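Here chain A shows up in two complexes: once beside chain B, once beside chain C.
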Partner chain A sequence: MRSYIASVSYYLKSPTLLFMFLVIVSIVIARIAGLTTLDTLILLMAFLGMAASLNIIMGFAGYVSFGHAVFLGIGGYTYVLLVYFFSPLNSLQHAAGGIGAFMVAIIAGLICAIVAASVGAAVLRLRGAFFAIATLGLNFAVLYIVKGIVPTLNPEQFFAAQVILPARALVHKSLIFNAMVITLTVILLTNYIIKKSRFGMGLIAIKEDEDAAEVLGVPTFKYKTLAFAVSAFFTGIIGALISLNGGGVDEAIFRVGHTIDMIVMIVIGGLGTALGPLVGGLIYYWLYDLLLVHYPGINLMILGVLVALIVLFAPEGVIGILRKYSIGKVKLKDVLE
Partner chain B sequence: MDTTVLMINILNGLIWGSILGASAIGLTLLWGVMKVVNIAEGETLLLGSYIIIWAYMSYGITPYIGMWMALIVGAIVGLVVYWALLHKLVGKVEIITLKTEMSTLLVMFALSTFLYNAYYYWIGSEPRGIGLWHVGGEVSYVTVGGITLRVNSIFAAILAILTAVATHLFLTRTMAGKSIRAVMQDAQAASLAGIDPVKVKMLTAILGIGITAFTGFLVLLHEAAITPEMSHKYAPVAFTIVVLGGLGSVMGSLIGGFIIGLVYGVSKVMVAEYYTPLAADPIALSTAFIIMVLVLLFRPQGLFGRR
Partner chain C sequence: MANRNILSLENVTKRFGGLVAVNNVSFNVNEGEILGLIGPNGAGKTTLFNVITGVYKPEHGKVIFKDMDITGKPAHLITRLGIVKTHQIVRPFNEMTVLENAMIGALFGKRAGRISITEARKLAYEMVEFVGLVDKVDELASRLTIREKKLLELARALSAEPELLLLDEALAGLNPKEVSEALELIKRIKEEKELTIIIVEHVMHAVMNIAERIIVLDHGKKIAEGTPTEVANDPNVITAYLGDPKLALRFVKERRISQ
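Right after this comes the complex of A and B.
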């Protein structure tokens, strides 16, 4: 137990500094930045967070989830309906400079985790393409159920499954920004800890050869389900916060495009690395913005070609390529991990 | 409950199901032979529809010829997709590992993104169709015993069944079809018996994507107007059908289509009757995916597939 704590504290040493630095920077930014800047930063962090949370199941365990947007959707709808119908939660989300909103989002995330654990317990028995297709099916099943049920909750207001938050339930952008900073930090820390832990090693073993891992004593089923639930938990929080940021939620949150975004970011950055989603997310967001400005309309086509090229010719991604090189005597591999 | 309403919904469901079953044939072949899930199934389906629309609206070429053009263009796309995207990953490999499978998923995903956005860019999001063209000349509806059906839809269902039967005959009666089935069962043994797996895989890609584009005609007949968004409605249901029918089983995918269509039609009536008409269509669609997850769990080889 003691050695366990010691090892965790060892790995946390540099991230703690990073965390404090992030807190200070975010407080400053939330004070001085304009609404537009805040909005851009929230979106950027949402992208990074989505990529990093999908990385837990897809990067480490090697299970491609094509329907991960379902957890964005469940998180978003849970959050919005909670603050719509329960006034205590509505007042909680205004509290404590964004921590309140984060806590309500955790409820949404927990519901996602429960859904993921119960569905995953069944679906994770499937491998490869079957798992991908099953999650895609889950995405559409939940989408159509939401489309069917949400309008009946309040037929005058929720037209076409679109829930618009009333003015009393809206939160200032700086609070959402703070909540998003907390979320992103927690997700990146989790990625880092998983990468370094026994759990992460188990997941990587599952990715390499699941049968061999099982024979060598890795509790594969437990690990996979846990990874899927953790991944869904964080995706749900992100979904909740972007719905709050958008002032409501509609069925577009379930669109496959969100899953595409997440997968492309991880593939660019490098599958199964702690830093991959961060680097890939920044590159993707930059490219996305650049292509959107200069080549509107064909930007996503270019991204499609890019993904195919990366998968065919550089399957390790940016981090994977950088790991092979060194600056002077310092090996980049050591710096990156 | 009104029996006529139930009958109309069941018939429409069966018609739609047969079209879905035919559109899943290409998918089931690709998946069965080289473990490649054609994520771009919906987009290749719409490719066929758009070619027929373009030929008819711009040059007045009748869709009877247009559907063969769709087949040919789809076959060419299949050839290009095989050599550009798939050959490097699955061409020479006899036993496909999970990692390769992931890579093929991502590559097909990239193709899907590319085509989907290409449609938005070059064709636009507004509905396109072939206007008032329909199969029966002057007659566009038939009424039998109080049930009215569109002639186009009936024709589409017949054509869907014919497509499935033709593909089945090709796979069981010709040498090329038999070699496809051989590779599907055991690629290593097939190559020992003198079958070139690369050639067979290329043939499968051509055939699979060609048939998918061809069945775009059926979708066009049934839906009357096409938007790029529809690829996201058809592709997931096609995956469901392949899972239901079993990988590589052509007749299985047709029957799977019928089952999904039937359940869709019945549950639509049930939800409208006992819950609310507002939720009927979405919840009826969700049943397809619930069926798929259940089949995956309890009979992963599909209803008609062999392990």
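Right after this comes the complex of A and C.
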């Protein structure tokens, strides 16, 4: 038994191996699973990835980006419009078995990072609730800009702000699935690396007491901006992949509900832990599904009460609580992040 | 080495709206000394510390550290250059352990970016040991007593490997026994770490006891500078700060006895 625990903790301690294993399993899944299953898994991973990327700015640095769905939107629209209007990108999409599509998604992510870094220079000077409100404002500002601009781009084809990808721009679901697995894996690895690094310790110090952190030498402004940009980068890639998966994008992608989902998943799993968004996201998704099946109609009400109870009685989240215990001689704190 | 200036303030003025918190203050700090900075509440002591550490930018004047003009530089850069302060009201990172708190000091201090996590952990551990908190090393900072939190502030500041340490009321809130222990620690820091220390303090006999030189502020102005004996006998200081000349004489006597 003891050697079994030791070997499990060894593998958990080397997350790279674990994540590589994950990727291989997913490639196999992509080969054998049906389209519906793939679709479900893509959406599940999109959820988890969103939560894990918001965790970088919210969990570590303590800045609640309440309009984080804006980066899903910017990523999604950038992707779709790039593919729609630039035919070279359109052919790049299909290059090397769909890897090109992933490249375009990364470009969309980069644009999100640039937006986050420049907007962050202003809004990251605000703290607490003011930052949350400012990001929410950003979400709506971008939404109305999109609503205003997109219909003028191609008045005959675009109804409102909806853009549907032409059939030639679509790629097979298994490719999107693989891209999503890689994205999620990289996001989780990034969380893990940040948690273990000097950058991560600086971010946590900012969350605890920003002024004290600055006086102790933490370049607070640079760190916050970097964390915000990295977070936006990954959220943007997910937004792009969601749009590709859905065959287009409309203004629903800016829904504040997306951001609330992300926040709830992080809080259930444990703020500022690398595994928290993954665990919290799975629990949230499972609860959501379970309640929808058994209590249709009042499912969201029950979910809301459950979430409120969790926040009241277990604010550290699942990982936060588990970290306090140990199995035999193995302290879970050393294993879980 | 003796009497080399490590820090010079030249005509520093800091205003908050109409209030002049620090008014045209100049002084030098010699390398390796303990300088006391005293004055009644609202005299501008903490503001002056905040100007030196870059938290506030002064309206006029210059702050020179080791022949370098550091006026208005961001606080985190000044920390890297070697000036670190402890807070009047302790501000540990509550959800971090004692060791992690000290590691922040080490990772972002003098060797910021050049020190590995392992080295930082080692250095932080040494400093926690140095201030005598080693049995609390894995405790969350929020669980410490006030005395322990003050020691943690010191350990965190020392982990940054400063050349100039600013102590803002490091003794406030401690009982007499703890005060004398803390004074011993400060002396030990100065000797073993070869630091220059500026100490702002309300516990009067403590400053008289430990400081080699004292500067007195009142309403943002420097009103006296000299050895503890000189300062305590200065008529300006007696009227502005101590109020009662007999009290002042008593402090001086206490100092003589303690030496």
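In this text, the second predicted complex is superposed on the first by the 320 of 337 C-alpha atoms of A that agree within 3 Å, B and C clash if a C-alpha of one lies under 4 Å from a C-alpha of the other, contacts with A are read in each partner's own complex, and residues count from 1 in each chain.
To be clear about the criterion, a residue touches a chain if its C-beta (ideal position, glycine included) is under 8 Å from a C-beta of that chain, and two chains touch if they have at least 3 such contacts.
On a predicted model such as this, the values are computed, not experimentally measured, just so you know.
S.K.: Label the relationship between chain B and chain C on chain A in the superposed model as either fit or clash.
M.R.: Aligned on chain A, chain C fits beside chain B.
S.K.: Of the two partner chains, chain B (first) and chain C (second), which one does A:L216 touch, if any: first, second, both, or neither?
M.R.: Only chain C; A:L216 stays clear of chain B.
S.K.: On the A-aligned overlay, A:G247 touches which partner chain: chain B = first, chain C = second, or both, or neither?
M.R.: The answer is neither, since A:G247 touches no partner chain.
S.K.: Roughly what angle, nearest 10 degrees, sits at the C-alpha centre of chain A between those of chain B and chain C?
M.R.: 80
S.K.: Which partner chains sit in contact with A:I204 here, chain B, chain C, both or neither? Use first/second/both/neither.
M.R.: After superposition on chain A, A:I204 lies in contact with chain C alone.
S.K.: Of the two partner chains, chain B (first) and chain C (second), which one does A:G320 touch, if any: first, second, both, or neither?
M.R.: Once the two structures are laid over each other on A, A:G320 reaches no partner at all.
S.K.: Mind working out whether A:P155 is in touch with chain B, chain C, both or neither, as first, second, both or neither?
M.R.: The first partner, chain B, only.
S.K.: Determine, for the superposed model, which of the two partners chain B and chain C contacts more residues of chain A.
M.R.: B
S.K.: Figure out whether A:V267 sits in contact with chain B (first) or chain C (second), or with both, or with neither.
M.R.: So A:V267 only meets chain B here.
S.K.: After superposing the two complexes on chain A, what is the shortest C-alpha distance between chain B and chain C, in Å?
M.R.: Between chain B and chain C, the shortest C-alpha distance works out to 11 Å.
S.K.: Pick out the shared contact residues on chain A: the ones touching chain B in one complex and chain C in the other.
M.R.: Dual-contact residues (chain A): none.
S.K.: Please output the residues of chain B touching chain A within their complex, sorted ascending.
M.R.: 31, 35, 37, 39, 85, 88-89, 98-99, 101-103, 105-107, 109-114, 116-118, 120-121, 232, 236, 239-240, 243, 271, 275-276, 278-280, 282-283, 285-286, 289-290, 292-293, 296-297, 300
S.K.: Quick check on the complex: what are the chain A residues that touch chain C?
M.R.: 196-198, 201-202, 204-205, 208-209, 211-220
S.K.: State the interface residues of chain C toward chain A in the complex, per the touch definition above.
M.R.: So the residues of chain C touching chain A come out as 53, 55, 74-76, 79-80, 84-85, 87, 91, 93-96, 100, 103-105, 107-109, 112-113, 117, 120, 156-157, 160.
S.K.: For chain A, which residues count as touching chain B in their complex?
M.R.: 62, 64, 66, 119, 122-123, 125-130, 132-134, 136-138, 140-145, 147-149, 151-152, 155, 210, 255-256, 260, 263, 267, 297-301, 303-308, 311-312, 315
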